[in-house]
Amino acid sequence: MIKVGIVGGTGYTGVELLRLLVAHPEVKIEAITSRSEVGVAVSVLFPNLRGRTNLCFTEPKLDALTHCDVVFFAAPNGTAMGMARALLAAGVRIIDLAADFRLRDADTWLRWYGVLHSCPELLAEAVYGLPEMNRAALRNARLVANPGCYPTAVQLGFLPLIEQGLVDNQRLIADAKSGVSGAGRKAELGTLLCEVTESTKAYAVPGHRHLPEIVQGLNRVAASPVGLTFVPHLTPMVRGIEATLYAVLRDVSVDLQALYETRYRDEPFVDVMPAGSHPETRSVRGANTCRLAIHRPQGGDTVVVLSVIDNLVKGAAGQAIQNMNLMFGLAETLGLQSIAILP
Amino acid sequence: MIKVGIVGGTGYTGVELLRLLVAHPEVKIEAITSRSEVGVAVSVLFPNLRGRTNLCFTEPKLDALTHCDVVFFAAPNGTAMGMARALLAAGVRIIDLAADFRLRDADTWLRWYGVLHSCPELLAEAVYGLPEMNRAALRNARLVANPGCYPTAVQLGFLPLIEQGLVDNQRLIADAKSGVSGAGRKAELGTLLCEVTESTKAYAVPGHRHLPEIVQGLNRVAASPVGLTFVPHLTPMVRGIEATLYAVLRDVSVDLQALYETRYRDEPFVDVMPAGSHPETRSVRGANTCRLAIHRPQGGDTVVVLSVIDNLVKGAAGQAIQNMNLMFGLAETLGLQSIAILP
Amino acid sequence: MIKVGIVGGTGYTGVELLRLLVAHPEVKIEAITSRSEVGVAVSVLFPNLRGRTNLCFTEPKLDALTHCDVVFFAAPNGTAMGMARALLAAGVRIIDLAADFRLRDADTWLRWYGVLHSCPELLAEAVYGLPEMNRAALRNARLVANPGCYPTAVQLGFLPLIEQGLVDNQRLIADAKSGVSGAGRKAELGTLLCEVTESTKAYAVPGHRHLPEIVQGLNRVAASPVGLTFVPHLTPMVRGIEATLYAVLRDVSVDLQALYETRYRDEPFVDVMPAGSHPETRSVRGANTCRLAIHRPQGGDTVVVLSVIDNLVKGAAGQAIQNMNLMFGLAETLGLQSIAILP
Amino acid sequence: MIKVGIVGGTGYTGVELLRLLVAHPEVKIEAITSRSEVGVAVSVLFPNLRGRTNLCFTEPKLDALTHCDVVFFAAPNGTAMGMARALLAAGVRIIDLAADFRLRDADTWLRWYGVLHSCPELLAEAVYGLPEMNRAALRNARLVANPGCYPTAVQLGFLPLIEQGLVDNQRLIADAKSGVSGAGRKAELGTLLCEVTESTKAYAVPGHRHLPEIVQGLNRVAASPVGLTFVPHLTPMVRGIEATLYAVLRDVSVDLQALYETRYRDEPFVDVMPAGSHPETRSVRGANTCRLAIHRPQGGDTVVVLSVIDNLVKGAAGQAIQNMNLMFGLAETLGLQSIAILP
């Protein structure tokens, strides 16, 4: 059994990690921490876990965590970087679901996150946890930067096109729509039901923190700087990201459907739907799946890729466990087989 | 492996049965029928099942079904009674998720459902599939009438009070609130998103078909006729029933919390919450659990029981599988352990 | 033109007051206050008002408010009682949308609201602003206690029965379902979209502050103490209250439909629907209307009254303006004629 | 008073027309027709209108309609073209909220709508009812083709850029998100609450009927053929369209904020928000307003325009009344001043 610790388990990625890990056959959760809820039973905060776990929240102390084989950070940005050196030194592996180790460049991190990075020397070692891009490196990783939710949906959608050099890399557009759980579980006016239900809006158009993350990933694949316009939107639902991606084809004769099917044939968690499909976010609710569909409207040179994920699963907790499975030599799909709940 | 057939798999109880049975370790689905979708892959209708089943819908023919060990009817009322005799004769056991075998009296059935019952001789044999009430009989049942969603929530809530004769049986009130999936997957104006979202209403106040079913169950427990006012409501959500039950105590000195905890101590799917709790339907979304809380407001003689279930799971497909597990001597919880999805 | 001040205009009753008062033909809004948003344009907080008002939030100072003819308090409990004496002394009339003057007994106020009342001498003068109960007194009122949202729906539903002494007053039950806007516009976890959407729950079953308010009103009508069990529920919608009321009839021969139609024949904002109806909250969304329907299920002795309002309109801002119209001798419906938005 | 007829008043544009016309000070509704609901009171179908109109649905007969000054068609595509010649001959003016007269080319109509146009000779006369583009022609129009909902949001967003020739017309992208009411009030599986809530999806990516309408409008403004990729999406809300528009600037030095503010300065129903804004659809719910915001992310050469409307108001019934006001020489804003309901 893998001994697991969770730092910061009171948010939506935390409860989702718990839902999946409690049922994972090779995992034993050793500790779950929360500064604000010390001593409170997890099932008091999250009654869906009543009868399934006796865990209580504890102080986020190094001692307890160093006994773990791996620690998940489901805490705010800046938390993992404060404990990473010590944990790694103690031989504990780390999967950070926040942003601390996603950007390889400390200056870029400072620019977008507004604070100095406290362990920049680890940035080069951190492996970006998108298995479809980085599987080999993940198997041996000590420190995994779990991707953001938008970056997961957008990169999986663009990947085959960029890898093959089929589109104008300077004119990429990603128009993404997210459920509200992406904003986290925080007492804020902006995500009250009465503020966001029955409404849709774009936000962060001048610049969202997931932009540099996506660009970094696509740059690496393209082996040259890409130009991306990324516009996130808030839609009135709990879970789900729908990303509609636009690019201009260099050559319209390519069989895009075959390209995607081939690229993802062996991926357990990427589903290329039949030509003409329109994936719904609800088809992946609660599941670790990304569904894709590829269109070329009116036979023109604009390709439209539709990509859907559950932001809390393939966009966060599920992908983190997929990474853990890889890191510990388990079947990649272990504990991640539950079927999306529909309706 | 139990060979399972499903008749009428295109509704919401059908897709929920599939979600649970596909993952059930002791089940092999032999056939799923739908007159309107013959030849269509199940995963075309329900993309959450892509990659998890290759089943296609077939004609509802006896031949194919008689090879099964058990057939679930997730079809409209009146379907099961048309095939029950033949299937039973062939040694196939039946679990009907519709209403055909819920009422023991053929006249009552006629009055509430408006058609003659076509095999009234089976009514006496049919076992009402509420395990918390009928566990022993279910183990040997050939024909199980799976309870309605409201009757599950209401009966589990009233049961301990009625069994112990603690309340005035003539003044029972059940005010129940249901999600929209209870109305089924049918092309109708009344359940369009634009007709039911952002609104709440009572319906069927003059009389709902679940009323005689609940009364029959409570009568049997009380061993005398009870008087129940039952008012169902439609609330703007997909899944979930919240039933708020009111009764007048004969004796206010009883420890109701202890009574409920004792009554349900060994029930794997009934959770009596701590005193003072207010269960949320979301805490059981996707799970086969009924959560209860008991209140006596202002210390008066009115007891208020709060009961929540997922109408598609404990109120339909999950309970049906719980019954199957009992009928076939499996662990009662097999295939029913998934944790509610929250948020 | 009536010169109007609004204290505490940043909540949902505040923005609803603004929506209605900006379009009221006999009103000029002189000031709107908010400690936290001083200097901010109202239309920045509430973009629906862009182009319709140039008001900015100001400090809640007495000076500015004493120039008004009437001041609405849309602020938290405890605000109005701090300014009431001074405003009344300056000849300004007051309509408090919070609870400060709803309970006539200072001790009861202390028990339910947890703080001493700071001007108990005004409680006797305050007129409870339910026009259907108190129209005459409201015309001359200096100080109006605008009813709570639940009390409006529940009292209008019970009124004809209690006035005529037709039911057992000791066994009244009000099972009420509310949208989330009733909880106000505050940065709190409990009303985040992800916490309350797709779920229903009862809350405050041991005791809700609207209980003593309802009981006080019904006691007065009954001229004796009534016994009421009141259970509020949270449903996943923004606006609307549906109250399902239960009582035991002393005499089942009364024509309840005629009783209600007669009682409310001349009421502009109470709509008794045809026999057999099931009012939906969406039928009053944005409108100052209470719709009622009366049932006697299965011809028994339990009467079921269904009552729906928009909690922000007839349950708050609209009723406040109805009261203002009465106080200033205007047509009672002035500025309150807008039709509910459906869908 | 303008005598108004409505053909096909049982859908969502029908009830919205009624909500607005019943309150319009210069309108008298003479007749409202519905083949399926003849004799039924409008307020039975739409209880929000109880007490506000005594109209009943009648047969759609020419006789009754020829007494009207203007007839609104809120009926399915193909209805208006069947009655247009006779009504015009009788001196009745027409506003069609469906698509019959939106496309000027009968062949294009056939290709996208699949049936022959039955009065192609009227296409040249029909005036496209987007006042911000066609105000002068609308004042004298006999026959107005009221724009589609998406075309209203998209064209108002692109107009200033195309008029001034500021962008590459071959690379226009419109990513639009719509509420479900845009699909109409029809008994269909696809728009059941349980099928569309808590989910987002793109649809009609290969080609939506609003594409040729938008392209025709933009072509005319550009005086040359434009290239547009248009992807509509379904989001889980009732009302609202959010269109996010992308174009490549020829010259990044233009002050886009000033351009938009100038272009729409005198438009009563287009609101250019301050630089940096993110309009929400709820800010226009129930109102005849289009709110726009203009962004140039990261100072690049891609312009992003955000455009929101209420699809049933500015995208249908409200714009139709705006056109009527123009046609009959009334103040353009008459009867259209109600403020959006928020929350």
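For clarity, chains are labelled A, B, C and D in written order, and residue numbers in each chain start from 1.
Definition applied: a residue touches a chain if its C-beta (ideal position, glycine included) is under 8 Å from a C-beta of that chain, and two chains touch if they have at least 3 such contacts.
Here the structure is a predicted model, which is why all the values come from computation and not from measurement.
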Taking each chain's centre as the mean of its C-alpha atoms, give the chain farthest from subunit D. B
A-B compared against A-C, more contacting pairs: A-B
Subunit A to subunit C, mean C-alpha position gap in Å, rounds to 45
Whole-Å separation of chain centres (CA-atom averages), subunit A against subunit B: 37
Residue numbers in subunit D touching 2 or more other chains? 12, 181, 194-195, 197-198, 236, 238-239, 279-280, 282, 285, 343
Under the definition above, what is the set of subunit C residues touching subunit D in their complex? 12, 15, 19, 22-23, 46-52, 181, 198, 238-239, 271, 273, 279-280, 282-287, 291, 337-343
Tell me, which parts of subunit D touch subunit B in their complex? 12, 180-181, 185-189, 191-198, 236, 238
Residues of subunit C that touch subunit B when the two form their complex: 171, 173, 175, 177, 179, 194-195, 197-203, 205-207, 227, 229-231, 233, 235-240, 242, 244, 246, 248, 276, 278-282, 285, 295, 297-298, 300, 302, 304, 306, 308, 343
